[in-house]
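As structure tokens, here come the structures.
Both complexes below contain subunit A, partnered by subunit B and then by subunit C.
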Partner chain A sequence: MINQFAVTMRKESEYAVIYTDGYINNLGGEKIAEVANTLIGDGIYKLVLNLEKSTVVNSIGISILIEIIEKLQETNGKLVFCGLTKTIAKTFTIMGLTQFAAISDTEELAIQGL
Partner chain B sequence: MINRPGTAEFPHEISLTIPIVPNIEVAATQTAEAVAGFMEFDREQIDEVKHALIEACINAFEHSNSNENKVYIRFIMKHEDLTVIIQDFGQGFDVESVEKPNIESKFGNSYKRGWGLMLIESLMDSVTITSSPAGTVITMTKLRVRSSKNENGAKEVSSD
Partner chain C sequence: MEINSTPAVTIDRLLFCLAGLGEMSIEMTQNPNPKTTMRTILRMALGTFAISKGAIFQFRQETRQLTLLTARGIEERSMTLSLPDVTARYFHSSDDPILGEMIQQAPAMIRFVDSNDQAMRDLPKSLWVPLFVRRQFFGLLMLSDKFDRTPYDQTEVELLMMIGRQIAVTLHNHHLHFQLSLKVLELEQLHDISLAINSSLNRGFIIKELVSKAVTLINARRGIFMTVDENRKELEIAAVCNYTYWPIGKKIPIEDSWVSRVVLKAKGEIIDNPMEIPPELDSFNCLAVPITSREKVIGVLSIYDKEEGLGIGEFTEGDTQLLAALAGQAAASIENARLYELATVDGLTQLYIRRHFEMRYAEEIRRSKRYGNRLSFMMIDIDHFKRFNDTYGHQTGDEVLKLVAQTIKRSVREEIDIPARYGGEEMLVLMPETDIEGAMILAERIREAIETTGLPGPNGDVLHVTVSIGVATLPVHADTDASLIEAADKAMYRSKENGRNRVTLAE
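Entry: the complex of A and B
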């Protein structure tokens, strides 16, 4: 089918990295939120979202990412993005997401920035 | 015969009709990728056209209430730019009433959407939107010469 989306994660003691693969639309965003909410429920409040394998997003998917950022703010948590295409980074900047969630070039730098 | 950019045969035009079906906007972006690639746009320009097209399609899908359930897309290739026209024959909307979203107002607000038109205008070099009860037409253009907008909306043009 035209939209195949996968989300995986790597959980460490104090943080987790969420990996996406595919188009981040409403369904993709909801799958990311599902994983993030489970992690937050488990007491993991520092998250890296690695979008290296997601080159296309839409504003509905991004709106769900805003919900995740909001939820992390309530728990003094933090979200850092990495692996963004230039256009996705530009889109996040235009929307103002970068005021609340940093963008790092690499996953390693993103983890350091948590 | 199709001519490469820079020859005298422009403009070329490609028309695409897509049904209003979830995720079919991705198919439209594949055409956008091919067209913009043919015009030798760089990777970032191609992605910007694709993202803007996605938002325009979603806008039509969600708000047109079109009885015929179709969106019409035209790619017009010229020497200096690519124009993409997205048209539906739905109910239209009041363009003037669309508020510019800001991130601060989205926190604590259950409605976090409403970014589409702003993104289209930010990612493309020029955009016009006309809407009436007979439908909506979004006409958006990307220059072949790189032009970017800074955060204040001012344009910076380079000729790389």
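Entry: the complex of A and C
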């Protein structure tokens, strides 16, 4: 599989939105972690992860998302997912991620939920 | 799998686990780098079961310690865990997973945690999966609680055991691959060394090369080659590497030597008790193998102090096999060189015989003419040798011949110049690619060395001899092989006419 993954970000004063495009596996997960870690390092502890353009997430992707959630928990931060496909939403739910990071239907609702 | 444990969710979660297992098996077969593979596998395992922290440790048989290969959720740093005997016995006896309660209560685990107090603080202690291959303990997979804090259920533990077995097999395969790569490298080196040794017919050169290459091949610090005499009574030092104390030619009775068992049993041996090695050798351990020709031990190759990191390690059975293979290769070369020596070297002076010289001379003349290189030649005659023989007897005369020959051999370039006994007390040296100046310098050095070296006489006095030398160079003084010898011979006679003990250049 050709892995073309892109991650972009919109940073506001209190929060930031991370946009992904592509398969969230080892490489994709690392890129998300890199952006999230930089934001946390800059003092932004409220993050929205918009996965509208990502349709698949694998075990490594889950592992990396857990690391980001745990890091935000240490700083009293918060992560909200939005734009999830049904498959990804189901995966996050069965893996227990949604107990620690909420899912919103839209980006606006996700920002409100921070 | 307690959360949302409706049948549909359980099935979905199992499907996700199966997908994760599939990804892991692909990773295990595709990535050639064990460190990267283990890092990815651990991450996949943590993601598949939504576990926060994990670590994979590999058991090192040689140190009996567990070494950290990779970790997630904790700092990934260089870390080793000591394994108390009671814990080692536990791990070697069972591949059952060890759950948190047991980690805290079983004496073998308490001992393990206590003896690694500092390192254990950060390590996950909710589930430990011993890694086994063919009932052999290979390492430990350490896992924390799951992200959602629910306890591991039976299915998850069984699936993690499956992953543990896959990790162990992968580690085992990488270990075998590494061992195989090492063997291939060793064999390549062995082949190169054999080629180098086999390319020479000079026994001294072969033995010297053998010792130095053996030291490099096995990564030892020093080495010695000793020949065994015909009667199997004495060893004689023939070559050393990185030793200054042991002189070449020193003789040691086999019975009193530290390698006597190697000679008597004709079998390689590791001596790891420093008390068995002579203190002058200043070594902690030794690996010695016999050099055997036609079922007879003709020499002993021994190397000392295996290098390991910054200190001294231990020689292994693998080292013994490798050194024995090298010794086997070398034995044939040494024996060939011995036979070649018998056919080409004069027994008394150890210089080449005239017939061999003439063959080499013809070759060098051809080479010189083809490439236009200078070829020099010196004729050496011992002054008043007949009078010497008549005065002191033939035995002393032979000692004079040996002394002059040894001085010549010591002065010339090994494997390049060709020193020979031409007949009676006449000796000569053929010097390829040497001009007049180089030849004259060497001739003067030989003359001076002989003049200043004393020889014990029959009455306890010290005798001195001198030589007259003639030097000629092709194509300056001659253009044919016969005329070059003639030119040097005439120059040598001019040295005699002008008072002896001098070097004269041909006209």
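Rule of thumb we're sticking to: the second predicted complex is superposed on the first by the 113 of 114 C-alpha atoms of A that agree within 3 Å, B and C clash if a C-alpha of one lies under 4 Å from a C-alpha of the other, contacts with A are read in each partner's own complex, and residues count from 1 in each chain.
Operating definition for what follows: contacts are C-beta pairs under 8 Å (C-beta built on N, C-alpha and C of every residue); 3 or more make two chains touch, one makes a residue touch a chain.
Values in this document were obtained by computation on a predicted structure and should not be read as measured data.
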Could you tell me whether subunit B and subunit C fit or clash when both sit on subunit A in the superposition?
clash
Hey, is it subunit B or subunit C that touches more of subunit A?
B
Quick one: is A:T55 in contact with subunit B, with subunit C, with both, or with neither? Answer first, second, both or neither.
first
Is A:Y23 touching anything from subunit B or subunit C once the two structures are fitted on A? First, second, both or neither.
first
Running through the overlay: 60-68, 114-122, 150-158 or 384-392 are the candidate stretches of subunit C; which one clashes with subunit B?
150-158
Intersected contact list for subunit A, partners subunit B and subunit C 58-60, 62-64, 66-67, 70, 90-91, 93-97, 99-100
In the complex, the residues of subunit A that touch subunit B are 2-3, 23, 25, 55-60, 62-64, 66-67, 70, 73, 85-88, 90-91, 93-97, 99-100
Residues of subunit A touching subunit C in their complex?
26, 58-64, 66-67, 69-70, 90-91, 93-97, 99-100
Can you list the residues on subunit B that touch subunit A in the complex?
22-27, 29, 43-44, 47-48, 50-51, 54-55, 58, 101-104, 106-108, 112-113, 115-116, 118-119, 122-123, 151
Which residues of subunit C touch subunit A once you look at their complex with the stated criterion?
3-4, 9, 12-13, 16, 19-20, 23-24, 40, 43-48, 50, 52, 72-73, 146-148, 150
